[in-house]
Amino acid sequence: MAAGNMSESNSIVLTRAPLDARALERLVADPGAGAVVSFVGLTRDHHLGRRVLGLEYEAHEILAKRMLEKLRDEAIQRFGLVRAAIYHRLGRVEIGEASVVIAVSSAHRAAAFDGCRFLIDALKTSVPIWKKEFYADGSAPDWVGPDGNPVSI
Amino acid sequence: MAAGNMSESNSIVLTRAPLDARALERLVADPGAGAVVSFVGLTRDHHLGRRVLGLEYEAHEILAKRMLEKLRDEAIQRFGLVRAAIYHRLGRVEIGEASVVIAVSSAHRAAAFDGCRFLIDALKTSVPIWKKEFYADGSAPDWVGPDGNPVSI
Amino acid sequence: MIVSVFYHAFLREKLGRESELLAVFGEAPNAGAVVDAFVSAHPEFARLAGSLNVAVNDEIAGRAAAVNEGARVDLLPPYGGG
Amino acid sequence: MIVSVFYHAFLREKLGRESELLAVFGEAPNAGAVVDAFVSAHPEFARLAGSLNVAVNDEIAGRAAAVNEGARVDLLPPYGGG
């Protein structure tokens, strides 16, 4: 496959604008790709029993972008993907909006499912992006870790 | 989760019109769903070494729709999905167009990946839809089976 | 007993017809007996017979499923959706 | 040796600052020594120290990675992207 040909600068984006899953799916489409799998992470209205009003994301942007590029290249190599793209929101995100969209294409579907899942799992554990949740019950907002639990001292 | 609430008639569609993956993703979105995984199957320009000019799909429509509804309900139950939708093209499909789109939503991502993969795997093996490929080399078109090989006597 | 048998995709094209009436013998005819009657009428499909799915009155049916007089039986060649 | 240490997200909020200069001791200071200096200055973070990631000059670095005079070191609390 065309491993390693995805250094296009528009395949990894951190943005304050709403995400467009369809645009990503178009970005990874290719005449040699028979399968596109995409993952959309949506902000939910509750978390650990508390109603969530909204979220804020921040990142170490230089480092996060570089880690995402590295993960994209690793996924393309390891799973034989044709293309992969990852967009993540920063700043305030309303409930029900997409915080992250990942789309990958491959000749056959198994690689696309495995590659997409690898990317969202790796993003959660190894990319310096942080999420702050604001609650309806008036309690202080929490920074939420990769396990879903609040980060605390 | 809201298992079994998806008897909406627009979640399973066989159509001769181009498919809109984004519309399906919207269809399965829900305030309680944190993850949407979608699969898009695209027609490829080559198959087993031969250049493909185009494809035609046909189905036993009543039975195919009923099987897809059954698979959707089974996936919702088995994986605890919030919603699932499946659209499949019929008739002539040009190269690079989507022949099938499946979108599923769930509270957490593992269920969405597993449920989406279950549905495309099951669609291929157990839903009466057939695909005829037309080749550039002038050879007779083939009906292609679930293993990718031509059906023959 | 006479049943209406419908052909799809590869089968329809090879046979050059969408359906036909087939005579099925036996005391309690089932879907398997319809497949046997199909192979007797069209022996060139003997090898493919095992990989056909059968629908009786628009429901997928195992080979043991009962088939009544006047039933609609669809013979479904290997699927290619997706 | 003096390094610039930058704080993010949870750390920045708890500390009420984006960065500070920390003195790091030892002959060949590494990223682990910077984390130790951070904990000495802010002992309330001792428990969290093990789950911090460290970046040295905008590259993720293991605890053994060398840190030179004037380096930029980012302390990264547990991630929450996705």
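Which chain is which? They are A, B, C and D, in the order written, and residues in each are numbered from 1.
Throughout what follows, a residue touches a chain if its C-beta (ideal position, glycine included) is under 8 Å from a C-beta of that chain, and two chains touch if they have at least 3 such contacts.
These figures come from a predicted structure and were not determined experimentally.
Asks: Let me check something: if the centre of a chain is the mean of its CA atoms, which chain is farthest from chain B?
Replies: Of all chains, D has its centre farthest from that of chain B.
Asks: I'd like to verify one number: the distance from the centre of chain A to the centre of chain C, where each centre is the average of its C-alpha atoms, in whole angstrom.
Replies: Here the centre of chain C sits 49 Å away from the centre of chain A.
Asks: Using mean CA coordinates as chain centres, what's the gap between chain B and chain C in Å?
Replies: Chain centres of chain B and chain C, defined by C-alpha means, are spaced 26 Å apart.
Asks: What is the distance, in whole Å, between the centres of chain C and chain D, each centre taken as the mean of its C-alpha atoms?
Replies: 72
Asks: Quick one: which residues in chain A touch 2 or more of the other chains?
Replies: 41, 120
Asks: Two or more other chains in contact with one residue: find those residues in chain C.
Replies: Counting only residues that touch two or more other chains, chain C contributes none.
Asks: Let me know each pair of chains that touch one another.
Replies: Going through each pair of chains, those in contact are A-B, A-D, B-C.
Asks: In their complex, what parts of chain A are in touch with chain B?
Replies: 21-22, 25, 29, 31-46, 95-96, 107, 109, 112-113, 116-117, 120
Asks: Once bound in the complex, which stretches of chain A touch chain D?
Replies: Per the touch definition, chain A meets chain D at residues 41, 57-60, 62-64, 66-67, 88, 99-100, 120, 123-132, 143-146, 151-153.
Asks: Looking at the complex, which residues from chain C come into contact with chain B?
Replies: For this pair, the touching residues of chain C are 8-10, 13-14, 44-45, 47-48, 53, 55, 58-60, 74, 76-82.
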